[in-house]
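First chain A sits with chain B, and in the next complex the same chain sits with chain C.
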Partner chain A sequence: LHFESDSTAAAAAGLPQVSTSLGQDIPFCPMTPMTPVTPVTERSGIIPQLQNIVSTVNLGCPLNLKFIALQARNAEYNPKRFAAVIMRIRDPRTTALIFSSGKMVCTGAKSEEQSRLAARKYARVVQKLGFPARFLDFKIQNMVASCDVCFPIRLEGLVLTHQQFSSYEPELFPGLIYRMVKPRIVLLIFVSGKVVLTGAKDRAEIYEAFENIYPILRGFRKQ
Partner chain B sequence: MSSAGIKCPSCGSSNVVDDVVYCQPQTVCVDCGSVVSEGVLCTSDRHVGCSDVSYSRSAAPDKTPCVNLVKGLQRVRTLCLILRVRGDIEDLSQTYFNQVYQHKTFINVSLQKKEILAGCSVLISCRLLNWPITMGTITYLLDADPTMVGPVYKEMIKILNIQSPVFNFTDVMESHSQEYKLNSPHVPEEYHENSRDLSKRAVDLAELAADSWIVTGRKPLPIMMAAIYLAWQSLKPTRTRLKISLDKFCHIAKVNKHKPAVKRISEIKEVLCKLGKEIPWVREAVTADNVLHHVEDILKYRYVLLKRALRSHEEALQAEVQDSGGEPLNTGTAPDSVDLPGVSNQEVSVAKTAQDNGDNKSVFELDSNKGTQDGRDPEPNWGKRVLFSPPCVSNAKKMKVDVGEFKDVTGDEEISDSEIDSYIRTPLETQNLALAHKHFSSLKNEKS
Partner chain C sequence: MYQLFTPIFFSCCSGDALALPRVTCPNHPDAILVEDYRAGDMICPECGLVVGDRVIDVGSEWRTFSNEKALKDPSRVGDAQNPLLNGGDLTTMISKGTGAASFDEFGNSKYQNRRTMSSSDRAMLNAFKEISTMADRINLPRNIIDRTNNLFKQVYEQKSLKGRANDAIASACLYIACRQEGVPRTFKEICAVSRISKKEIGRCFKLILKALETSVDLITTGDFMSRFCSNLGLPKQVQMAATFIARKAVELDLVPGRSPISVAAAAIYMASQASAEKKTQKEIGDIAGVADVTIRQSYRLIYPRAAELFPPDFKFDTPVDKLPQL
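Take a look at the complex of A and B:
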């Protein structure tokens, strides 16, 4: 993430551009920002790393799973256990579930672009096997990220002050489950300071959720 | 279809058949066509005047309640009797059970789950009305699978739309310590212990464990067991008692041993050693073997010992850093506004609320801000630099870093044919595989 402005980002943000004598376009930034921005000192400086992306795509034609399992090297198919072919590719290292309706789920990628590339590769494999596969309605369904705030967290205290969002049952699970309302993200917060964020459809939701929780965790630590 | 034995009155033929084509059933002679007899004329609606609704679905008065619901309510009452809870808890648990039983999520589940539902109703009511009880106790009473109890409990909370009550295990400690039968006649005299003293000492040890990050995130029952075992040993640290292992202790006290308790015991002993080292009048080295002799003093003066331990740790770290020629650590947020009592502090026992845990928090944290403030990569194991940290941090396992996943990808790259071909079997491979499948399936058929 770059918080300094560069011309492309600024142009995208809708800031007016001013031409210099060298023909470069620099953004026109007034002294006071037009929209409120979180000061840099208050930001955490920690960026959650994406760990898993789940996406779906429609290949647009019915598939013969037995045939695919026979012809593809990287496929497994146990109809008694699960009604889909499980296919894996090495790069990006991902797994796909391919259903007879032609719908496919792709999991394990570490970024949205990797997920899309992987899904395209699976579609190409299915195409090469002789099916008229297409690539319709690719959609990211879930993103999981994790990070470390590097200080211990009193989960018993956090659940008391944020009771309406938190669930902490040490007899069931060692982490605190925090259901943030805006954005709608579920965070798993552990005593070690590690935080897992899930339920996002977009990367920005993950970052926003973490920036929301960080001051709570930080302020909580100093109480 | 011919009606046997009937003769046509007009021609005397015996070829008389039933004719049911028309709405009126008739017996007709095939030879002359005369009607021998006819049935009742009926309309197309066969049940005129009758309703189609079965009795069970009709508004029959006094519908009897479901047998399983009645049994479930009885089970709730039995559990409340066993636990000897107050009347209001029993009423509330019955209300909750009734409410959740009828809900669509639980109306069609197995009887086993319905029994767990009864247990969870009691658990939720106890928690809401401040009656200390653990989920483990309910699981044990129901003799249920612990992995099933959790989801049922969570689902119930969701359906009843109540806030999950917070569980404080120090409240449970007293009732839990009474389970340990250390005063019964079969136990030798030297192992006897007054249950009040035992639970008080165990509560103090458990609070110390909670302050030093041993409790957060962990299951409470093993910690309670560890605290009670160490309390029992430390109340009379004779050779005989110190030699008794946790296994033997559980056997004497007639309780089931929790395996993680062994680890908790060593963790609590480690904390006790760290504090025991700071006792000024103890000359010998404090180790895990002799620390139990000093537990009484450690618990009596624990806040002062904590402060001293943190100060010495801080000094040791400063010295280490200066020796290696680095910059001094930033300890800007070190304990500053914590109001710690003096050495002769009997009032220390006043500070036993959860809020006090918050005050003491700063005492337990050496705030090394280096990792986060200057934006560099945080230290891989900050836990090793502080005196007290959660064991999962100080004993962190080395994580395998997956290198090679950091390529910048646009998602629209060209996909090479050779790569895709590597995932597809050659015709020869496919043939061999098909043959192998056939062979195995024929073998299977022969066997069965």
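Take a look at the complex of A and C:
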């Protein structure tokens, strides 16, 4: 902390002014912050962007897949290959797998709200075809996010120190697979500095995992 | 007339829990008998009387060298045991009969039951045989085979990978053993001697590391140089130059994110092209198991700084500026 003798600059910064015995005004900066925040040097300032959300919902009634495939637009059904109808909508650009039991998997959305909206749209399509569709137990099963730390990383060093969590086999995959324990998240870390986080049920888990890994990655920055 | 009473007494000890009579020397009942295992005798140390005989010989099995032309040594009772790996299999197998009496009227052998030896270890023995076959194809030494067998035994007993094909687990154990001994083989080399796909071996490899809670060292470019260069028939100078080039390239970080095998192949290409024995990318790709476009990619990354990558004492057959530019 350095105290500016120029009181106007300090006043412009919004800090309260305290008069000293010499008549100067110095800003009142407490040594400890009022509210507990992580220091600026430790926060990464990077927010991982969500790329894919996988969610499931139960439509609550058995479905006739052949009928759905014939009547609905943008639906494909090949029972010899896979036992579900694959339907796509354009608005939140998503794909749904609709099973004959009435359960549905919705993939491809970029946010939780979009995933829920898309699932509702699929349920509406099924409802319009004449089935008594409901919207039970919507649950997000997996969230994938990616971000860039903007510096190259020494993966060999990382695998040496974090052996019990990392797996780096250049013959099998060019990235390091880091299985974090505390939020149970798998991170794919690449030499270029790009990081992919997956396995989260919640957005907060992704952010927490990234905040945990960022200082470690900073320690293995390539010079 | 005096009657002589011959007292009859049992030589049994009062404090012993056992009721078995011990042999003792009749003259020295308190003497502790010395066992001579070679002759199978129990000798009294006081007077030298041989008290017990035909005691079972607990010494090691001996060979008779008298009858050299006999191909079968009749004093041998069986194959060398492998007690560490087999769980102490002491069963006796009955072999097929050889005389005429052992076959019934249709020509089938009468005694057929020699199949059920140890069903729990049968799969393990099969796997050991498979490991031995695979290792023999790439001429691996005994220590790697033993290590592989040990790893397989540990994984098999743990049962955490029970659903996987035993051949896949055996191939992955072979890969891990080569790595642990400091002479790694690429996954493709293990694939070449196994019927399992590289993907499955890779999966089993990761599962085994997790199950046994071990880890392996990272592969480096130098691990493969001697094998690839001798398979290509390159002289020692070229091999040393290629090792130096690859190490320097990794140190200078010219090839970030590239597999060490690809970097090694590109280094061999550069070293061989600068020497008298020039090898094509296709030849090197065949030996190393990398595609020639991959060698081309890595070569393009190291080519700009070729002059500083060569060792200082290298004799150039083709100077650095005349190296092929792809």
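The rule is short, and it goes like this: the second predicted complex is superposed on the first by the 184 of 223 C-alpha atoms of A that agree within 3 Å, B and C clash if a C-alpha of one lies under 4 Å from a C-alpha of the other, contacts with A are read in each partner's own complex, and residues count from 1 in each chain.
In this text, contacts are C-beta pairs under 8 Å (C-beta built on N, C-alpha and C of every residue); 3 or more make two chains touch, one makes a residue touch a chain.
All figures in this text were calculated on a predicted structure; none of them were measured in a lab.
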For this session: Please tell me, clash or fit, for chain B and chain C sharing chain A in the overlay.
Result: clash
Exercise. Of the two partner chains, chain B (first) and chain C (second), which one does A:172 touch, if any: first, second, both, or neither?
Worked result: both
Exercise. Of the two partner chains, chain B (first) and chain C (second), which one does A:183 touch, if any: first, second, both, or neither?
Worked result: neither
For this session: Using the touch definition from the top, say if A:191 reaches chain B (first), chain C (second), both or neither.
Result: both
For this session: Identify which of chain B and chain C touches the larger number of residues of chain A.
Result: B
Exercise. Does chain B (first) or chain C (second) touch A:150, or do both, or does neither?
Worked result: first
Problem set entry | Which of chain B and chain C A:159 touches, first, second, both or neither | both
Problem set entry | chain B and chain C footprints on chain A, overlapping residues | 152, 156, 159-160, 163-164, 167-172, 174, 190-192, 222
Problem set entry | Complex contacts: residues of chain A adjacent to chain B | 44-46, 70-74, 89, 91-93, 110-117, 120-121, 124-125, 128-129, 148-157, 159-160, 163-164, 167-175, 190-193, 221-223
For this session: Under the touch definition given earlier, write down the residues of chain B that touch chain A in their complex.
Result: 134-136, 150, 153-154, 157, 163-164, 166-168, 210, 213, 216-221, 333, 354, 357-358, 361-362, 365, 367, 371-373, 375, 378-379, 382-383, 389-390, 392-393, 396, 405, 409-413, 415, 419-425, 429-430, 433-434
Exercise. How about chain C: which of its residues touch chain A in the complex?
Worked result: 186-187, 202, 205-206, 209, 215, 218-219, 253, 256-261
Exercise. What residues of chain A sit close enough to touch chain C in their complex?
Worked result: 152, 156, 159-160, 163-164, 167-172, 174, 190-192, 222
